[in-house]
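One structure, pasted below without further comment.
The letters A, B, C and D name the chains in turn, as written, and every chain counts its residues from 1.
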Amino acid sequence: MISVHLILFLTFGTVAAAGAINLLAQTHPINSALSLIAVMAALAGEYLLLGAEFVAAVQVIVYAGAIMVLFVFVIMLLNAGVEEHTKGSRVAVLFGIPGMLIGSVLLAWVMLRHSGTEAVPAGALPGAPKMIGPLLFHEFLLPFEITSILILVAIMGAVVLASKPPTAPAPPREGN
Amino acid sequence: MTSSLNLWLIPVLPLAGAAINGFLGKRSSRTAVSTIALVFSGAALAWAFFVVWRVMTAVSSPLPYEEYFAHWIRSGSFTVDFAFYLDQLSLVMLLVVTGVGFLIHIYSVGYMWDDPSYYRFFTYLNLFMFFMLTLILANNYLLMFIGWEGVGLASYLLIGFWFTKDSAASAGKKAFIVNRIGDFGFLIGLFLLIQHFQSLNFTQVFAQVRPIPSETASAGFLTAVGLLLMVGACGKSAQIPLYVWLPDAMEGPTPVSALIHAATMVTAGVYMVARSHLIFERAPMALTVVAIIGTLTALFAATIGITQTDIKKVLAYSTVSQLGYMFMACGVGAFSAGIFHLMTHAFFKGLLFLGAGSVIHAVGGEQDMRKMGGLRSYIPWTTLTMGIATLAIAGIPPFAGFWSKDEILWRAYLANPIYWLIGVVTAFITSFYMFRLLFMTFAGEYRGAPTETPGHDTHGHTHGHDGHASPHESPMVMLVPLMILAVLSLLGGLVGIGDRFDHFLAPVFSSSAETAGEAAGKGMEYLFMGISVAVAALGFALAYVLYVSKPYLPQKIAASLGSFYETVLNKYYVDEIYATLFVKPLVEGSTRILWQGIDRKVIDDSINDAAGGARHVSDEVRQMQSGNLRSYAGWIAAGAAVVIAYMIWLGVGR
Amino acid sequence: MPIWIYILASVIKSAVVLGVLLTAVAYTVWLERKVVGHMQNRWGPTRVGPFGLLQPAADGLKFLFKEDLTPPHVYKPLYIAAPLIAVIFALTSIAVIPFGNAITLFGYSFPFQVTDVNTGLLLILGITSIGVYGVALAGWSSNNKYSLLGGLRASAQMISYEIALGLSLVGVLMLAGSFSLREIVDAQGGHVFGFLPRWNIFLQPVGFFCYLMAAYAETNRIPFDLPEAETELVAGYHTEYSAMKFAMFFMAEYANMITVACLATLLFFGGWHGPLFGPPLLQAVLPLFWFGAKIFAFLFLYIWVRGTLPRFRYDQLMSFGWKFLLPLALVNLIATAIAVAW
Amino acid sequence: MVPLSYYLVLGGILFACGVTGFLIKRNIITIFMSIELMLNGVNLSFVAFAAHWHAVGGELRGLVPLSGQVFVFFVMVVAAAEAAVGLAIIIAVYRTRETLNVDQVNLLKL
């Protein structure tokens, strides 16, 4: 029987898949970015379906709200235009695409081979912040701290990289 | 048992001295260096005395005493520890080594004073003390072997002390290599022990050996072990056929010859054989071999000793022959007698060498006896002390050598008269060449030109106050050890009177052979004493006739003997034989086959080809690294596909 | 309750809230013009209706009937989408805001709230963070250097201050122990020391300060209105917009202001809590009144600040956000954590 | 009730799209977005697995409940870090090379 849960899943899933396809189809980075945002919003919906509301919220805030804004910001900053079609690398076409296809087909086969066995009820487990918090700060304290260090390093690296390099004084020009 | 004796201090103290001198000596003054060296070796001696006192005053004799220091190898059931073992045998050795070592340290202060690398000498000397004491105190064969190798190293370093001198360097190498041959046998012996007893610990091994019946009928495993150990002993203690390194070792400074190549290290072989006497007693064949080797070496080396003119060479050969005596003793099962002779020999041979050093010092580096003579008036103290030593080694009562040698001869006779006969002949020769040395050096009138500086340089160390016209007595710091040793070699033998030494060592060598001495009548023993004394006197007389009253005779005799004399003079051409038999083929073989054949053709070429192949391959593969990000991504994707396929295959397989 | 009643109630509630919100937006504009006018010794709008009360309606009509021209060089899809995004997300966030306690009608209890999500605050944060795109895309799509600069500034500024905003709220969350706005408000009921209402403003003054600063920046209001700094960039990101699209941006801005005001009220000023007295009906209405009053106060503060303060320079803006506000919020967070834990 | 495999397939689709984007796109920024897409696909499967294990009582088998969701947070952090550094790198590259086309930025070789 087709439950509301399934309908919602399919809706969000369609949006996500469509967004992903659109990301590939679009030639302009900003469109790709927007479609990616759509994907993320849809995924947030999926998370809600799975009951992981906190994850959903963070997905929206961090991914859609911060990371993608960063992307858009960079696109605007560099004023990236429609990507020009240079000759691609043969390897990517000869090996990459087939490899990707084979891999995904295999995976899909395996997944569907075991499909229907376990069904995930809607809101399967309540991922409330109250439950996530203790996990983050007890069971996963060390990974948490390590990732915090990671992000700190990343911030410093970004600052160093993006800061203007010291420009050497231009050589005095001869002639007029 | 009583509280810990802290045996570990005894070896570690000299090591500390060596470390300090080695690291700081270069920049510190001679006084500081000698102070350090003396303090630490003296401390070792003091502690040794303390240990003796503790042992003697202990109500119930704490010996044998084992001290666990740290564990070293733990593999399965096989364990080897840094642990020390003290019984009467090692106690005697301990006293000998620390005592003589300390005296020689003092002596060296005077002897080496003018040497440019003074600190190096004492570093090596202390290092030697450390290893020697480790060898003695070890409670298992492996630790003993460490000390064994260590003293080998120290001796190598000290023989080649004046490494700028070619002969010294090569002598050092020779000693080292010859010793390696012996050590090889030793090692295999150890492996056999491990294989059969799963242990190298003395107590454990011997506990397992005791029940084994004596292999009289057929040569068995213990015989093999015994022979292999004997090979090691031959190397270290300069027995036939591996004695050739010892005479050359005289290239080293004289105190080194005294300490290492007369008193202590070369006796390590005897010690080792005595230590593993249980094994030998159960392997009569090995024991016989020991006896034969000892006897032959004694005679052989003595004969060479007659013809040598270099004062130190004479002493070297006499050392070899005396060691032969010790092995003879061990071979006939009279281990305690061997150890006794070892002790007395340490005294008088050390004294002889030191005296020789003093003589060389006096005549400014000259070692050829033909250039000496009549020195008694110049250096009376040295003359006196060396006289005592000569009497001792010649076996004149009541000097130390007499008691020990006589003991050995008596026991040899009990075992087999042949041994005794050869022993007596050797005793005669010994006393002859020793008195020859004495007369050539001190009697008559001075034959050497007024000492000249070059003489020193050949000797490697320049002399204190140059430009003196005539020989001169050594400084006090050198004479005091001489005198102490003289006293020891005068009285050292008395501890053996009435088998006291035997009884002291009885707990160690509790074997049937020990009691045989009492079995035969005392009367016979006295008769043999008389014989050996008479022989010694005969040697003295002959030497007196030939070198004092009728100095022209020796050349005549030499001429009449002719080729035989030549042979003996050239040490029976043993070195040459070895050179042609072993050295040359080895060098040729390794040059032709190993170097040019295997190393060049096989190893180098294969490596070069491998490198070249790698270059060719990578030249091709490099194209893959196009620098294009997306092609990399392509590779990754393909690889991922493969991995996924594999894992799914695994999953499906289950 | 039966599902149809629920849906019906939701529809009614949404309609009411939307109407009220839009009206409020319109009259906030009127209020601003009036107040600023008086501050600058002018009258502000007076012609249309008494005290110019009909001015918003007139403006609305004008915006509606004005020709909506699209410059030829713009990137059309986004140019059209941008204002919609802005206004939609601005209006959405009001949905989870509770205005008062539940009232009981016909035996059913209806909360004064379109929908009660137990992570309402997170939802609002998410929505506002999405709202950035409206501005940014508008700036980029209208293909004009002023607009682009405005958009860049807007996005950068919003990313920067969102962090401080979130951190400043965590203190409140720790005190309340919930993301649900209703529970947060309930946690602020009662008094401390008997006389002082237990409002977070008294417990979290620093947090409130940080929140206010960050919120002003988030809504691109003076003194942080660099995206539309008329003196440097003609009109910032909406330079190229006209008519209804422009109006949408306008509405979005004011709607955001109101949202911020609501949040500030809910989080720091005890929501609808206030002295209750009089007959039951009054008691039922008073919370709404208190709530409105507080929001009004905040809007007034907005206008007051606008009328008073000058505009930051961009580097000042950034350094203020990163070097002062963020550390301050962090310190406040840590202090609160320690206090709560202890 | 939706089978777990559906979620996984959806995640797989997203991931595959990400890979494809990485392979066929020329614009560095788009390629970065493809990476984000892959991460999102993975996240979805994480959450799905978390729910699944909860549904089949994985806690009883010693699994930490919700751990899948926690991993998502870590992934997000990593994604954020990667985006920050990566975009900074892009900016630096753009400064020197004046292009965003990866086919023209091929210095990544000997």
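Operating definition for what follows: a residue touches a chain if its C-beta (ideal position, glycine included) is under 8 Å from a C-beta of that chain, and two chains touch if they have at least 3 such contacts.
Only a predicted model underlies this, so the values are computations on that prediction, with no experimental measurement involved.
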**Prompt:** Chains shared as neighbours by chain B and chain C?
**Reply:** A
**Request:** Could you tell me which chain lies farthest from chain B when each chain's centre is the average position of its Cα atoms?
**Result:** C
**Asked** By C-alpha centroids, what is the most central chain here?
**Response** D
**Request:** Can you check how far apart chain A and chain B are, centre to centre, with Cα atoms defining each centre and the answer in Å?
**Result:** 79
**Prompt:** Whole-Å distance, chain B centre to chain D centre, using C-alpha means?
**Reply:** 75
**Item:** Whole-Å separation of chain centres (CA-atom averages), chain A against chain D
**Value:** 5
**Message:** I'd like to verify one number: the distance from the centre of chain A to the centre of chain C, where each centre is the average of its C-alpha atoms, in whole angstrom.
**Reply:** 29
**Asked** Where in chain B do residues touch two or more other chains at once?
**Response** 626, 628, 630, 633-634, 637
**Request:** Among the residues of chain A, pick out those that touch two or more other chains and give their numbers.
**Result:** 54, 58, 66, 70, 75, 77, 88-89, 92-93, 96-97, 100, 103, 107
**Asked** Which positions in chain C touch two or more other chains at once?
**Response** none
**Asked** When you check every pair of chains, which ones turn out to touch?
**Response** A-B, A-C, A-D, B-D
**Complete:** As the complex stands, chain B meets chain D at residues 622, 625-630, 632-634, 637
**Request:** Name, in rising order, each residue of chain A that touches chain B in their complex.
**Result:** 88-100, 102-103, 106-107, 110
**Prompt:** So in the complex, which bits of chain A are touching chain C?
**Reply:** 30, 34, 37, 53-54, 57-58, 60-61, 64-66, 69-70, 72-73, 75-77, 79, 128-129
**Asked** Where on chain D does chain B make contact in their complex?
**Response** 19, 22-24, 31, 102-103, 105-110
**Complete:** So, in the complex, the side of chain B touching chain A is made of residues 626, 628, 630-631, 633-642, 644-645, 648, 651
